[in-house]
Amino acid sequence: MKQQSAQDRWEQRTQRPLLGLAVAFAVAYAVPIVWPEADREVTSWCTRVEWAVWGLFALDYLVRLVLTERRREFVRTHWLDLCAVLLPLIQPMRLLRLVSTLLLVGQRARMAPQIRLTTYVVGAVVALLMFGSLAVLSVERESPEGNIRTLGDAVWWSFTTMTTVGYGDHAPTTGLGRMIAVGLMLSGIALLGVVTANIAAWFISRFESDDVEERRQTAAIEALAEEVRALRAQVAALSDSASVVAEERLS
Amino acid sequence: MKQQSAQDRWEQRTQRPLLGLAVAFAVAYAVPIVWPEADREVTSWCTRVEWAVWGLFALDYLVRLVLTERRREFVRTHWLDLCAVLLPLIQPMRLLRLVSTLLLVGQRARMAPQIRLTTYVVGAVVALLMFGSLAVLSVERESPEGNIRTLGDAVWWSFTTMTTVGYGDHAPTTGLGRMIAVGLMLSGIALLGVVTANIAAWFISRFESDDVEERRQTAAIEALAEEVRALRAQVAALSDSASVVAEERLS
Amino acid sequence: MKQQSAQDRWEQRTQRPLLGLAVAFAVAYAVPIVWPEADREVTSWCTRVEWAVWGLFALDYLVRLVLTERRREFVRTHWLDLCAVLLPLIQPMRLLRLVSTLLLVGQRARMAPQIRLTTYVVGAVVALLMFGSLAVLSVERESPEGNIRTLGDAVWWSFTTMTTVGYGDHAPTTGLGRMIAVGLMLSGIALLGVVTANIAAWFISRFESDDVEERRQTAAIEALAEEVRALRAQVAALSDSASVVAEERLS
Amino acid sequence: MKQQSAQDRWEQRTQRPLLGLAVAFAVAYAVPIVWPEADREVTSWCTRVEWAVWGLFALDYLVRLVLTERRREFVRTHWLDLCAVLLPLIQPMRLLRLVSTLLLVGQRARMAPQIRLTTYVVGAVVALLMFGSLAVLSVERESPEGNIRTLGDAVWWSFTTMTTVGYGDHAPTTGLGRMIAVGLMLSGIALLGVVTANIAAWFISRFESDDVEERRQTAAIEALAEEVRALRAQVAALSDSASVVAEERLS
């Protein structure tokens, strides 16, 4: 067995706690949006939880950076994580913190060896649907011409956007809302691609078994094996007659 | 021939009767929606037929559970059937009965060995279009802001939704109607995936025959066969000369 | 060379004239719709041309049926052509004649050996766009609530429908118009499938060449060939020593 | 190493300068649209830059035509470039110059050996989004019924069109605007195809390694190799006994 590096062990052990933190972040993000008339204290606690989760993911990045052997390569291959850590420091606003934490969770999830691409994309799509709905709701509710004002409308709009149906009965009117919408559209296209590719790969893996050229090859190899078996029999007969000669000669 | 188990025989024999029951359910479901000013007695008969079909599918599940040899595995691998059987018991409402019966029919249809994936998906899409139109019509007609009020509008809306065109001239406004819409959108994406995958698989199976590596292999095998044939001729010549020696020696 | 049957020769010779007829039909179909205030005589001439083209395609079907050797099989495998021939006889209306002629042209075009699937689908999509626009225009212009009233609007609507964009600024309101729309939507999905499948097949045919298992096989075959070559050298040496013995014995 | 032709060297050296010219064109195209109340002089300078860039790309085409060895073939295989060069000469209008320059840049970019298809398509999509937004804005702003009046609306509309979402909150109303929209829709379908195909190709290249037929072949080849090895041992034994006979005879 290959010896695990300190970095690998850290990543395996923190996998589950970080997933728990992501759920805590989701709750803390959802509460003030879904329940806008909440107590001031609840809202401020939620903000603190959000920052704490971002901080712990940033800490996780630093620990992995310290534990790794080739630091320069780590920074280069994990540039997206670095951006996600630094982003909310530049301009401390709600939306950037959301994007940062989603990016950090996504990067850690992709690292988990037991998660396949399909699972990853489906998970990302569900997370984007959920956070997209909440983010659009919080942005559009404050806009005077906005037409997305309840959680139900926001979720419904997210679905019509991500499946590229786009009825147009609800549509974002603010710049931020539209940026979120573009994110949902692009993930919808990715989702469609993964669904199609999965079905296609499964179909083709079944078609493959009927390859004509390969069957001809198998037949050719079997004919060759028959030929070699006949040759062995010939050589065995020759060997017998030779030993008869030899024995006679010795007698 | 492999001996058929009691479960297999049951599944084969009940295939056609259950399909007939599914058609009866479709009729009983459609009548009160398409013909809302119908007699009270007609409506109540339709409801009875719907419950009876669900009951018979539930019975089919139980019989298969009794006939199977490994019950625990059956329950585990057929958990979707179990949900479909139990769902309408929890909260006895129309929509859940519809979903349950569709699930049970779908599970039984998928089991039929003569049905290929494409046929199954196309069948499911047609069924979803039909039941989706009816369900949306029954839900939206009662909503004050609803804009889907005739069967024609409902079918038209189903098509624009499933093909992800989404004009927005008709769109569901109630929570239940939107849940049905999301189901239609997701099946539309699955349909698109199956269509694309089918065409792609067919294309690729034709491209495949021009594989360069395989042609090189076939050439290598043929050269090898030539070599072995030459070797056999050599051994045969050797064998002849040896027998000449042996004969001379004996004479 | 394989001898061509009378049917094959007929199909090859009539390929071009029938294509010309299809163009004549397109013109005769377009004129009364694009130019509604045209002379009564022009319109009646166009109708005559439409019927004549349908008649000649029907005649072509009959000639092929007479020339073929296995008539029962021809009817069975060309049932779509038969439907297209019989359809306008049942209820002689404009839309059915359009569908029939499109079907007959499509069937004959698919038969042409030099046309590949992609060309066929792209051609079908362009034809559907053109005829769909004209048909919707003629149907919706007469509807009081219709919002597709100019050729420009009709073409624009066809594009937004076939690409599944579906803005909803123009949408059919009549039953016939909606049936045409569903046809366009489904062809749009087919077009998307063919485009994706083509790109995917091209990508995969390039990926294929790097198959690991096949390279191992080639290596194994080459090692085997080396082995057989060594064996031949051994047998040749044995043959030499045997001939030395034999010669000595004869001397 | 293959000797580079004069044409190849020219194409390699001009790759970067032409990319710079494309950026200059983009800026000159964007300025008068984004900043409509700009000075008359600024606008006229932008027009001059646009024409200059088109002229330099046309010059590049001529130089390549002079440097190539087979001129007739060059014209035939680069007919799209020729069209792009000649197009703005026929009817000197803004939109045609835009299309021409985009075509010329695209043709040159596709030639670059280091650019893969995916990169090319993504680049083309981004360029089309940008230029499509600007072109639609300049066309629709002047239309009395137009509803795309700010750059934000134009970019938002481009995204909803290219991803085939099509809310319909903004839609072009003029003929030119709709032609641009059709271009965006078709590129959206191409983009979706490339995304899906890429994912599918990646999936399938992983599925491939589990080919059953190929494993049977490998097993057959290995069994054959075993057989040949046994044969060599037999022949070696025979050879030994033959040499014993020969030696004895000589002694």
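Lettered A, B, C and D in written order, each chain numbered from 1.
In this section, a contact is a pair of C-beta atoms (placed from the backbone, for glycine too) under 8 Å apart; a residue touches a chain by one contact, two chains touch by 3 or more.
Note that the structure is predicted; figures quoted are calculated from it, not measured.
> Among B-D, C-D or A-C, where does the A-D interface recur, judging by over half of the contact pairs matching in residue number?
More than half of its contact pairs match A-D, so it is C-D.
> Mind checking chain B against chain C and telling me if their interface is mostly the same residue numbers on each side, over half, or mostly different?
The interface of chain B with chain C is built from mostly unshared positions.
> Looking only at C-beta pairs in contact, point me to the busier pair out of A-B and B-D.
A-B
> Rounded to the nearest whole Å, what is the centre-to-centre distance of chain B and chain D, using the mean of the C-alpha atoms as each centre?
The computed centroid separation for chain B versus chain D comes out at 38 Å.
> Could you state the distance in Å from the CA-based centre of chain A to that of chain B?
One centre to the other, that is 27 Å.
> If you look at chain C, which of its residues touch at least two other chains?
Chain C, residues with two or more chain partners: 164-168, 192, 196, 198, 200, 204, 208, 211, 214, 217, 221, 224, 228, 231, 235, 238, 242, 245, 249.
> Write out the stretch or stretches of chain C touching chain B in their complex.
Checking each residue of chain C against chain B gives 117, 161, 164-168, 171, 175, 178, 181-182, 185-186, 188-190, 192-194, 196-198, 200-201, 204-205, 208-209, 211, 214-215, 217-218, 221-222, 224-225, 228-229, 231-232, 235-236, 238-239, 242-243, 245-246, 249-250.
> List the residues on chain B that touch chain C in their complex, please.
The touching residues are 152, 156, 159-160, 163-169, 191-192, 195-196, 198-200, 202-204, 207-208, 210-214, 216-217, 220-221, 223-224, 227-228, 230-231, 234-235, 237-238, 241-242, 244-245, 248-249.
> Would you tell me which residues of chain D are touching chain B in their complex?
The touching residues are 164-168, 196, 200, 204.
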